[in-house]
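My questions will all concern the structure given below.
Labels for the chains are A, B and C, by order of writing; each one numbers its residues from 1.
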Amino acid sequence: MAHRLLVAAAAALLLLLATAQPWLRFVLTIALSTGLAVLGIMMLLRAGQVSFGHALYVAAGAYTVAFLRPHSGEALFLVLAGAVVATGIGLLVGLFVTRYRDIFFGMLNLAFSMVAWSLLEKLYALTRGTDGIRVARPEVAGLALEGPAYEWALLLLALALALTSGGLVARYLRTPAGEALGAVKTRETRLEFAGISARRVLLQAYLVSAFLAGVGGAIAALATLHVTPLLAYWTHSGELVFVAILGGTGHVLGPFLGAVVFELVRVYAAASFPDAWQMILGLVLLGIILAATRGLVGLVDDLLARFGRRA
Amino acid sequence: MGLLLLLAVLDGLAYAGQLFMVAVGLTLVFGVLKILNVAHGSLFAIGAYVAATLIGWFGAEELSLLALAIAALAVGALFGPAIERGLLARIYDKEHVLQLLVTFALFMILEDLQKLLWGVQPRFEDAPVRLLGQVEVGGIFYTAYQLLLLPGVALVALLLLVWFLRRTLLGRSIVAVTHDREAAVAIGIDARFVYLSTFTIGAGLAALGGALAAPTTSLVPGVGVQMIVLSFAVVATAGLGQIEGAAVTALLIGLARSLAVYFAPELEVVVPYLLMVAVLLVRPAGLFGRRELRRV
Amino acid sequence: MSEALLTARGLVLAFGGVRAADGVDLEVAEGEVLAIIGPNGAGKTTFINMVTGYLRPQAGSIRFAGREIAGLPPRRIVKLGIARSFQIPQLFTDHTVLANVALCLAARAGFWAPRTPLGGASREARARAILEGLDLAHLAQTRADQLDEGARKLVDIAMALALEPRLLLMDEPTSGVAAAEKHAIMDRLLRALRARGVTAVFVEHDMEVVARHADRVAVWSQGRILAEGPPAKVLADPVVRREVIGVEGVAVPC
């Protein structure tokens, strides 16, 4: 119950920020899109597996939007298409990758994403290489919008998707298949001896994570209106895992909390220290891991507990 | 065509030498500390930058090789213990994911450190290459540095490392800890010291790889980034903790990449990863890895 | 005479130079309680591993309820009605005891239902019932990694029970349990099993437990069965006493 209030408060705060500081609309939309991808990473982390290649699915969502935009002017359709393509790729890669664990799982995901990055860079005729593809602003739910109105529409769309996904994922994690992710991490063989395919448990989560990353990528494409191969680069995947730990994996609010803090720090740090913002983020991450292992949601939980004790 | 092939092989050998230095350190550290050090490529880069700086300071061409050696030693001796004691020692009891992210955070910090210390302008100090002159091979002129010194040093490093691990007390302790930490500690091995030495050696090897690479290329921020991601591919393909395996795999990947550069440039980046996927498909624990069977 | 529930014939399995199974022939009748005894390394756990699909025999056959199961993977064998508990308890350490059992109940039915939580579909109540049967109800909300060894053993068995097996194989169910409680626990356990018509096979080193609770005993030695029969007869057999019990040095009730 406390968590639901927290989520509502967070959403309200987000909208407040967007109203008070109009230029934050873009940053917050990007943060929400990152959060969606990180939600998927979090699911895999429950199974103890780190993917160093989920940027692949973000890029898949983004580039699908870019490729389909000339043929469709509706944002809702483009986002859905991006998610579907990402999930399709997720199925092909996932069937292979879910046979492996730990470092091999992480590295194989990395491998596929680097192959994608390279293809996006080199196939200039199709993808315009490092220049990337410009995306013309689409309609949202049938409305042709300009400037601030478009930004608001996108932000609200991202927020709606975030709240829905968060709720659905939270529910999924309480089902046997979702709880079994933790069992894959602690005693995979026991799961098999109970008659359950650990691989199937992992694959299901993997597909959901690919879907979510695809949605995130699509939203990002619609916000930045420009897609580049860097979306698929391994450091982007690393950032997703970074945000997952920063936010905390104990609650579905974590990925979004982590993403907002990450993007805000990045924007402010990049503005003030253009050659040191990576270092600043790195130090923040170290701080969280060494001092607050359960991430930001852990800190919030502790604060709430202290509040509750005094009340 | 034959000439091109020869060039590709020679380039491949030189590159494999660099790749090996980083990959072997990475796999050594993983075998003992059980941590995949994402920042290992940054040590390579810092080794390269320090080497370039020293070459510039020393000025004289004759001293440039010395500069390389000093750079590698200095970076290894400084960063090795600092990172292991200052950072890694605090996370040995944490989950693997958190350990991985700590090294990722370190990577982010060290990458910007390079920018802060050396700026973003390319650095090029090729004194050692000029010093050693050129060699004729099958009708083409190739630098002695890349033909002989680079692969030579890598080979010597491999032999020394294998000798060290098999014949010295510290080396054998390292192998013991790799196989079974608890048993090793039970027979009196000082695990703390083993961890410290292993990481320092690994760091030194990476820095040496970087120092060797420095004279052959224009140094810009990001050289470490490319190197680490390829080293991951080598380590995963070879099998975790396999030293000789890393050498063979680095050679394989170095050559494959080089051949791609010359004959199928679009595939240059992709080839190492396709190799990795192909190997892991057939041998899930890597080329030389051993599958651990759990006892129930 | 109806066919035995489990029939093993000529099982052979060798690792390196060790013959962990050297021609094992055994029948287990439905509803009986069979104890397996023997020195360490005799091949008792190997036998359980073969029956449950963890290891594949190099020769021989295993028939369960009329079908051949040798070489099938563990998942298939579990679905056919064989469950096991482990020598070293295999629990989901980040989950509570209740969740551990509930996961196994869910594995039996309704695991993949996307909208039903783990505790739903009356699983929580049924899990509690199983825990109560083994006197573990007070530990329901305790995390599995916080339990003492005896409790871990019992939770491991509870999880196997939750799979509603026809045949339950237990690897040293009372090791780690306090001596004073062994008999009470075995009593409760076997009563619950007999009530459900579950056939039980258990590996045991404590001869008192074997004498009191087993219908039949099979003695393992060097990969094959040395002797089998009712406990009174087998435990008094001089060859058995020399080969097996003498080695263990445990006094045998006459």
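Please note the rule applied: a residue touches a chain if its C-beta (ideal position, glycine included) is under 8 Å from a C-beta of that chain, and two chains touch if they have at least 3 such contacts.
As the structure is a prediction and not an experimental result, all values here were calculated from the model.
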Exercise. Which chain's C-alpha centroid is most distant from that of chain C?
Worked result: B
Exercise. Considering A-B alongside A-C, which chain pair is linked by more C-beta pairs in contact?
Worked result: A-B
For this session: By CA centroids, point me to the most central chain in this structure.
Result: A
Exercise. Whole-Å distance, chain B centre to chain C centre, using C-alpha means?
Worked result: 50
Problem set entry | Chain centre separation in whole Å, for chain C relative to chain A (CA means) | 45
Exercise. Distance-wise, how many Å sit between the C-alpha centres of chain A and chain B, to the nearest whole number?
Worked result: 32
For this session: Name the residues of chain C that each touch 2 or more other chains.
Result: 54, 90
Seminar exercise, completed: In chain A, the residues touching two or more other chains are 189
Exercise. Taking each residue of chain B in turn, which ones touch at least two of the other chains?
Worked result: 296
Problem set entry | Of all residues in chain B, those that touch chain A in their complex | 30, 36, 38, 87, 90-91, 94, 96-98, 100-102, 104-109, 111-113, 115-116, 120, 225, 229, 232-233, 235-236, 240, 266, 268-270, 273-274, 276-277, 280-281, 284-286, 294, 296
For this session: Spell out the part of chain A that touches chain C in their complex, as residue ranges.
Result: 171-172, 174-177, 179-180, 182-183, 185-187, 189-197
For this session: Spell out the residues on chain C that touch chain A in their complex, using ranges where they run on.
Result: 52, 54, 73-75, 78-79, 83-84, 90-95, 99, 102-104, 106-108, 110-118, 159, 163
Exercise. So in the complex, which bits of chain A are touching chain B?
Worked result: 45, 48, 50, 96, 99-100, 102-104, 106-108, 110-112, 114-115, 117-119, 121-123, 189, 234-235, 238, 241-242, 245, 275-279, 281-283, 285-286, 289-290, 293
